[in-house]
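You will see two complexes here that share chain A, one where it goes with chain B and one where it goes with chain C.
== the complex of A and B ==
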């Protein structure tokens, strides 16, 4: 950049540079100065966008923090739901989210990692691979509310699961499937070929190689991807609302066939009902703090796993 | 495995291992698991098409393309135009917010920011992407709407403007990261060439980097339109459920996604025309978003500059 500022300082007037040939080159220094200034100003204009994003993030977190002060305490975390804001606690809501996660984790892991293994290790036929890959990328673009309709029709009505934890968990598992498939595919792809070849050369079969070489090496990447997809599932609201989760459930679920409520659904209902009871906004904010806290811990764990256990070859 | 084992023994053991059966079973297992994603897509299509066709059989075409939407009346009518109108307005507002801000953030990160600043700022954008939409919905309803009400007194408690803006903020990370990726893939040698001819950073950004990355930028815009069309919770909370056909963005409008949520969380009896209308709206939503996704893929293939 130095030469640019030098130029502005030294040359205020228009000069002509004469060459030995017949050509004359005119340099309009005012224009050059203007261009350089414009470039410098534009840098700040472009950076405003990031300032804006940062500002929104700060305001959002600040507002939610302020709204939840005084409401987020140990009674709120361990108490039962109530229609009276002062008495309300979200223990059953937290348990609902925990149960949901307990379904989403095994289902997405088995489905997602198997799909990724098939695509990366076994699919020799380019056509099948292409169909599944295209399908996954299209599935990723389907709005979450449509997955809710799928869950409503297939899990709730056809399989008669109603608005149970199982129905919700299966719906969310299908929703986050593309995320875990793509990230597992990436980490399996990143396993160096020489490790596999060394194993095969020792006479190990493909399955043994996969189990003892490929998967252990790819594991940190797969874990990172699955934590990210599960945190997406925890924050997802629309499909659960479409499944018809009842508005007010005062009991804590005991099995995966029970009706339930989860953190995002409770935020939704409390936000909707602020018209009736303004304090519900504080309850919603306090629940959001809990939700964001959980997501923050999960994402930090994902980053730590990625940085600490990922092997470099 | 014992250290004293000879290689020959290991190979022998591996070949004669009874677990070898797994070698035949596991590929089949993986194939079955992989096909579930395809089954899911087929399942989505079938549920939508079957139940939507019942709706289309029951409601005349003329009524569908009317501006009259009253699904819960004793004499219900199912005009879809109010929903399309609501979706269109929220999407346009969101894009007007997300594209300029997202693109300039991408230009700044790829052209102007030093490596240090970039490493500091990128996570902030990613945090915005990780916040659940329900939180944005709460933010739109309890903060942005009251704030806008001070500026525009005629603004309703439920309106299209506030969720549109917040949805735009939610989409910024998507525009930024996708277009920054494609800006970074513009070869260094082209930029150096432009600098060598005396271009300023701004000129390189506008005349070399953006034209070179145009396929990625366009497809990021199309993908964010698709995301805005399918976004549910922000609009459901902050934009309300008015089924009026209006062009006034200070008023409440219902989007297609909002309709689905309102109708399912109410008492939609299975088997009524109202219940099937959900699937008709869902099918339309599916077609829109899938079409956008395909368009994005087409753009990035068709206009991609090969370096």
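== the complex of A and C ==
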């Protein structure tokens, strides 16, 4: 008798218990019917919430669409700002928003993802990390006006950037950084440990593992969070108002040190001045359509990029 | 004449499943080709074959879990209790209550051991705490796990070893009182001793349940099963008593496979 069968013999458990169950799970047809119905109802409830969101959006788009008819044309898109509604164009405003985006995207992605990587992969799990994490989450819920004040103090006054594109862009970056850090942290955390182990076990360094395994897997998640928060930055008004962005800019900005105005700001001022000139309402509506279009294009591009990365896995 | 009819009836009553002309497609790829086989009650039926031969697909068709993959299309019939399980009057919830399943990797819920076992009875409407406790105890005893966990029923199931987790999953399946238990390579992630325990358990369970088990280990099929089906490239090559399959198979391909010449 070899070892294995000896072992099996020694461990042979005898039937210690008698198996008589004193309950019976019957197929309760009515109960199952009820549960299936409930299952279907829940589906409708979930779809209803989608319908509600879509309905509000459609109403909004309809109102804006009606107001902007006739005002949204090539002259409006390529022209300069003017106090006369018929002559007003928003080319410089669009360019202001584009410049802002070009600052916000690299600054937030580089700083935000790096912070997240450090916190998740390098920082030791201790009290300090907990405190930092709590504070970052806290920052994510600070009202944007306060970030405007911060930008005004640090960028406009201390660094003497005034109300330039750079000052505005950096302020908006600060605003969305916490959100990007938190969402990137979550994506990095969700990368399965065995993938990291597989890379490390072949003699890869931590940085190689991060670059070739962790980041590519986490990237779709990181981008989803980033797209959402950067779009929010593009639509943000309050911090820019605090920075003192001028109302009427007749020149198109050429560099990031120029003064500028952005789409949400222009919408805000035009809406404010509707009392004086009723046509400004139409201009604001047309600008909203442009802003929605810009956001739509940006988000689509980002989603396409994200899907491209996702296919690799 | 009447004798034959009676025997035929006996035979039919003794069947858990009667699979007739079953074909299955993943999109355009045909994964199962015209399968015909009868699964007997209170027997262990092993399904063997090389990777990708359709054995897992087949076992998942038996409780229609395969339909969770949207591109799947099936043809043919699987008769269970005189009804085709693909019939519109059959509800998968009912079918899966009567046909339990144990998966390849142990998949306990991230809950306590107790909560894992009573999940099924709870969704089927049992609320009595005392009864639930009894169910947990009897199911865990039945799965030969009770003695190891009776002092820590409220601990998280992830604290158990792999073999224990798998037996917990079997206990969880038993708690719903199925008639048939499908096992999809239940020991492939376990060490030999845990495997041995599960095999012993299967032998014990077949007195009360019909068991269909997919396995990639021919020794395991030979050890525990009464009937063995050999699948190859989505076809059922041979289906017979296990003894016959492993000693004197009809088909050359079966012989090649069970003697280890390929696969």
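Methods note: the second predicted complex is superposed on the first by the 236 of 313 C-alpha atoms of A that agree within 3 Å, B and C clash if a C-alpha of one lies under 4 Å from a C-alpha of the other, contacts with A are read in each partner's own complex, and residues count from 1 in each chain.
Criterion: contacts are C-beta pairs under 8 Å (C-beta built on N, C-alpha and C of every residue); 3 or more make two chains touch, one makes a residue touch a chain.
Quantities reported herein were computed from a predicted structural model and do not represent experimental measurements.
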Partner chain in contact with A:146 - chain B first, chain C second, else both or neither: first
Which superposed partner A:111 touches (first chain B, second chain C, both, neither): first
Touched partner set for A:31, first chain B, second chain C, both or neither: second
Touching partner for A:200 - first (chain B), second (chain C), both, neither: neither
Residue contacts on chain A - larger count, chain B or chain C: B
Partner chain(s) touched by A:301 [first = chain B, second = chain C, both, neither]: neither
Which superposed partner A:98 touches (first chain B, second chain C, both, neither): neither
Shared chain A surface residues [contacts with chain B and with chain C]: 4, 35-36
Residue numbers on chain A that touch chain B, as the complex places them: 4, 35-36, 38-39, 42-43, 45-50, 52-54, 56-57, 59-60, 63-64, 67, 110-111, 114-115, 117-119, 121-123, 131-132, 135-139, 141-150, 152-154, 157, 174, 177-178, 181, 202-208, 210, 231, 234-238, 241-244, 247, 264, 267-268, 271-272, 274-275, 281, 284-285, 288, 291-292, 295, 299
Partner chain A, residues of chain B touching it in the complex: 7, 10-12, 14-15, 17, 19-20, 22-23, 26-27, 29-31, 33-38, 40-41, 43-44, 47-48, 51, 100-102, 104-105, 107-109, 111-113, 121, 124-125, 127-128, 130-135, 137-139, 141-143, 157, 169, 172, 200-203, 205, 223, 226, 229-233, 236-237, 257, 260-261, 264-265, 270, 278-279, 282, 285-286, 289-290, 292-293, 297
For the chain A and chain C complex, residues of the former touching the latter: 4, 7-8, 11-13, 15-17, 19, 21-25, 27-29, 31-32, 35-36
List of chain C residues in touch with chain A within their complex: 91, 93-94, 97-98, 120-121, 123-126, 131, 134-135, 138, 141-142, 144, 146, 176-177, 192-193, 196, 200, 204, 208
